[in-house]
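Should a chain be cited, it is by its letter among A, B, C and D, assigned in written order, with residues numbered from 1 in that chain.
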Amino acid sequence: MGSSFGQIFRVHTWGESHGGGVGVVIDGCPPRLELSAEHVQVELDRRRPGQSRLTTPRQEEDRAEILSGVFEGRTLGTPISIMVHNRDARPSAYEQMRDVYRPSHADYTYEAKYGIRNWQGGGRASARETIGRVAAGAVARRVLAAAGFGEIIAWVSRVHTVEAKCDALAVTREQVEAQITRCPDPVASEEMIRRIDAARGEGDSLGGVVSCVAHGVPPGLGEPVFDKLEADLARGLLSLPACKGFEIGSGFEGTRLTGIEHNDPFFSDGERVRTRTNRSGGVQGGISNGEPVLLRAAFKPTATIRKAQETVNRAGESVTLEAQGRHDPCVLPRAVPMVEAMVALVLCDHHLRQRAIA
Amino acid sequence: MGSSFGQIFRVHTWGESHGGGVGVVIDGCPPRLELSAEHVQVELDRRRPGQSRLTTPRQEEDRAEILSGVFEGRTLGTPISIMVHNRDARPSAYEQMRDVYRPSHADYTYEAKYGIRNWQGGGRASARETIGRVAAGAVARRVLAAAGFGEIIAWVSRVHTVEAKCDALAVTREQVEAQITRCPDPVASEEMIRRIDAARGEGDSLGGVVSCVAHGVPPGLGEPVFDKLEADLARGLLSLPACKGFEIGSGFEGTRLTGIEHNDPFFSDGERVRTRTNRSGGVQGGISNGEPVLLRAAFKPTATIRKAQETVNRAGESVTLEAQGRHDPCVLPRAVPMVEAMVALVLCDHHLRQRAIA
Amino acid sequence: MGSSFGQIFRVHTWGESHGGGVGVVIDGCPPRLELSAEHVQVELDRRRPGQSRLTTPRQEEDRAEILSGVFEGRTLGTPISIMVHNRDARPSAYEQMRDVYRPSHADYTYEAKYGIRNWQGGGRASARETIGRVAAGAVARRVLAAAGFGEIIAWVSRVHTVEAKCDALAVTREQVEAQITRCPDPVASEEMIRRIDAARGEGDSLGGVVSCVAHGVPPGLGEPVFDKLEADLARGLLSLPACKGFEIGSGFEGTRLTGIEHNDPFFSDGERVRTRTNRSGGVQGGISNGEPVLLRAAFKPTATIRKAQETVNRAGESVTLEAQGRHDPCVLPRAVPMVEAMVALVLCDHHLRQRAIA
Amino acid sequence: MGSSFGQIFRVHTWGESHGGGVGVVIDGCPPRLELSAEHVQVELDRRRPGQSRLTTPRQEEDRAEILSGVFEGRTLGTPISIMVHNRDARPSAYEQMRDVYRPSHADYTYEAKYGIRNWQGGGRASARETIGRVAAGAVARRVLAAAGFGEIIAWVSRVHTVEAKCDALAVTREQVEAQITRCPDPVASEEMIRRIDAARGEGDSLGGVVSCVAHGVPPGLGEPVFDKLEADLARGLLSLPACKGFEIGSGFEGTRLTGIEHNDPFFSDGERVRTRTNRSGGVQGGISNGEPVLLRAAFKPTATIRKAQETVNRAGESVTLEAQGRHDPCVLPRAVPMVEAMVALVLCDHHLRQRAIA
């Protein structure tokens, strides 16, 4: 019962990396919204493997089909079912995983939880699971755009120890997409590519940080006390594979400031109340304040590496694992559309929730 | 509709800082568990203001009453209603807040969302709201203890720039409670006290980090993909007042490692599969792996300070605010039982969820 | 986890017949609505025992306190906690129930489910539990009234075999309240009183049917496919103590008609599309069509009777039970406000749900 | 957001009668359960049109595909996605419905709610929507069978005014399936066939009643106060197309008895506490008592008839409708597997809920 997200704009994802396919059912999408498979495909293409030399050479076409909920190019208000068929499965590549637990993967924990596991791939723990979310996020963006929200823009702000230099509020989608790293700082991007190439060469992997800004979020979104906007964002991001940390606004670094240094002074900007600084990250007391929503998420280095590792098999025997298969040495570039999708899902749900009571 | 938490062990909190009281209804607590008001009171006493010179001198007695769901000292399986009456209200102290938005507080956002706000205190954004959570957390601990879980121990690991030195796995409740800072490192604790005293003297405030470890969590808790254990923990912690960041296991720092440095090798420890390191923080693929669950949460410096600040009033006019009232210059010591309560609520809920399908 | 109702206008009830009290937390009520304890008290007074010679002579004052969520006479948008303290408890009257299962009561099933039971009264199975619903229903009516809905009027349309003659669409609250039976047909009411008096004299009890009409429900409420308006109404009514059946529109009798006899022809009434007949009961395909919503609920004869009955005790021994205590020989008059409350809760929730997507 | 059912065994249906297909995602199914497409197909075949001369001659093959959640013939504990592709669509047959509201159909209300509607068929209001439920119900039956529950058997107990004579507790699946009416009384079945044939000949339609018994339900299922077993059953059945009424146990007729006539005396049957009669229908206080669960549901005559009817079009003009297309003159035989599916879904969900807290 853990595959649902949202209260009103409610998404249900399904599918393993190996099997008939993966998909999502979106329940609660407002009616009469223009929606085509192409709107979804654009985001899936940013998520899919094989899009650059940085990512796994697996070629997954990931063609989205909208099976219900849309009629003559418009949403009906009924559940929207979107599916992507699985292809390019090479179960043989996973034969060695039938009995061996990959370190820092979910093989052991799925087995511990369910007493069974689809060993022909990562099952639900595969990055392939995120197809459903990214598809749903594409629909959520349509709802937000129709309601006048601004863009949601994520980018790679760090790979390993290579930090991007950029003004969070000025980053554009074009700058991000211009780099195969999805790091809008071309200099840092160059160095990231070198590091990723080196890690691949050594059979190793790298992690990093994705930053995200949501522009044009109106004041009033988020529901105290448990469904605070930052709480739902944190849940959404931590539910992504490999995510180990979340910050909003000043985050961990902000705790090194004093109150007077940290507080955001209010001022009047014509009709609007605004803040001079935005250490709050666009959220105060769990509710958006009209400033850009700013957040960061930490993604650990990819668990699948070729280097030899100590582990155990299902019989509890010590074994050495040298993983085969085609994997990303760094998930960060592909994590960018996933982060945007989760932010879009949270904002869309809270937008509709606010409409209910406003 | 944002005041509920959990799927099976489901808590609903209510109450403003000013009004009849605050409380919680717990629905889904297993029957026949020994429970008395004293079990709840112990945790409320750790949370309440006025317990040391570090915290606000407001004296809130916060006496818990169990109104339903318990009969002859045992839970009935029916909703447990726990209430604390409000006392010591000094609405006059808040008179200046009737029209002025305190910077980095929730005054403006509540007004933006609801078009109305209880200005006689922080309303639902007050730390007083956490009484319901801490009370529910005390009940959740009873469930976990009866099910053989180990202790949940949180502590202050940083205030401002003062970092505690301690072995996360060895920290005891006694060490934590021995210091009024709730920092188990006595040397760091001394320095923290100095900094907090200085901040109070200047009418300023400090933030910091709370760390937490949950011992004895069995493998198998957490439900992919959206209700991953770390996702629910992140939501729980980010829903606490003033929390701006969350990390599990290696968190943000772990992203500076490579895959081979970061992965946790498995080994067999008798019947159990264990990991040699615990950068995963006890969770892999969203499911507990039997190792201690390790997390950290960032709390910003208290927004309420005496120093003069620029802000606006409801009419949109620029005003200077010099706050009065009695407030904590540093919420960290009182955040410790709140963090433990949220971790207990998440673990208890997932424990029951796992029983449903196991 | 079964004590919650609604998706957006979400109510959580708590409390046993014996213990500190009973109450409800309402989460999701729109802000800025005028609300006072008096609005709630009016409905509680219609529900309480001892209001006429037809009901149990127990005097329960049932004084409602609003503990949160209201400020200066208006709702804040935050959870509204309403409580009624328990009084007039006579646990001694229940001493015989400590070990004996009352036939057609919930004593045995609570024991089977929870392994424990508050034998000092009916626990959660007591009619006293409905106080929380009726209080929440009073708030829901405020929301509906502010949104331009018409009145919700329920009445006793049958007691035992005595059927009321009245035009469902013309019944007024005044007519209903004018009779202690809450049957607006004075002739039938007289005969109902005779029957109820006779049943009381014999230590027996009677059941019957409550009818209800909701006027001024706009088209478009209800969410296919599982949250159809009639599905949520059915759930709401069947969740009332002693309710054994539900019908909407033509109900069971309508199944004796043919399609051409049963279908409701559409016609244009100015701007509005209306139906010439209303066998649909105001709902088509799970969505309101703008006609009055018409429903009926069956309530079995009160299970508590003084007549000797065969039963068993907790040891499994055969015993004869002759119940003591003060009970209603017929719950129908008091069921009227309960039915109205459940209908109000369903309509209010669907009204807010429709606002979210409209 | 109305297309989900259940709290732990949670099903999400999707799909219109015209479009890519219809299906269901089941989240919360226990792992390691044997499951194949054949288990699902058996129930879909009982539901599909064209199975006898009584039902619509439309031939829908309704071939179930399991797309996820099953591996090597066993459930994984992850979401189970089941899909049936749409075929045999004849949009032209619906051309006349583009602008005309069919009486007692959902055309008008969908338009009123969503401002858009898929006029090429009944959309979500089509009986085709029930494919997802029936598929999920087949999975629920597997869970229940593995947990030792008895059979769930529904049958047609009345068509129009023709009442079946049979002993509810003795009806077998074989007797039901032996008659194309699914009425186990062969004499009544004959007469029902005559009536249905006559109605078809006249372009008219008939309704009736489906009865259902669930054998071998253990005591303790159902959660007071809103998720009482009968409340969830009522919701489930009223959510079926054309259902207008629900009764459990003695239902509406039981209200004509007095308390002493209606109460079910308890007795000891070896280790078990049982009741001599079962007017409670297997549920007391919202919780199963171990007796067979007995219920009945009313289905109105099919709204689609060939006879000329008065109605209006989208422009509000009066028109006469003479429907074309291929429709069931009586849905009762096909409603039988739908009723069983909903009962299975409710029992399965409450079975898992009880495991969580027991």
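Here is the rule we go by: contacts are C-beta pairs under 8 Å (C-beta built on N, C-alpha and C of every residue); 3 or more make two chains touch, one makes a residue touch a chain.
Please read all numbers here as calculations on a predicted model, not as lab measurements.
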| item | value |
| --- | --- |
| Mutual neighbours - chains that touch subunit B and subunit C alike | A, D |
| Identity of the chain that, by mean CA position, is farthest from subunit D | B |
| Subunit A and subunit D: spacing of chain centres that average the CA atoms, whole Å | 39 |
| Chain centre separation in whole Å, for subunit C relative to subunit A (CA means) | 46 |
| Subunit C-subunit D separation of Cα centroids, rounded to whole Å | 26 |
| Multi-chain contact sites of subunit A, meaning residues that touch two or more partners | 1-4, 7-8, 13, 28, 31, 77-78, 113, 124, 224, 353 |
| Complex contacts: residues of subunit C adjacent to subunit D | 1-5, 7, 13, 101, 103-106, 108-110, 112-113, 124-125, 129, 158, 160-161, 199, 204-209, 219-228, 230-239, 241, 243-252, 254-268, 271, 273, 275-276, 279-281, 283-290, 298-305, 307, 309-312, 316-318, 353-354 |
| Residue ranges of subunit B touching subunit D (in the complex, touch as defined) | 7-8, 28-31, 77-78, 224, 352-353, 355-358 |
| Residues on subunit B engaged by subunit C in the complex (per definition of touch) | 1-4, 7-10, 12-16, 19-23, 25, 27-28, 31-32, 65-71, 74-81, 83, 113-118, 120, 123-124 |
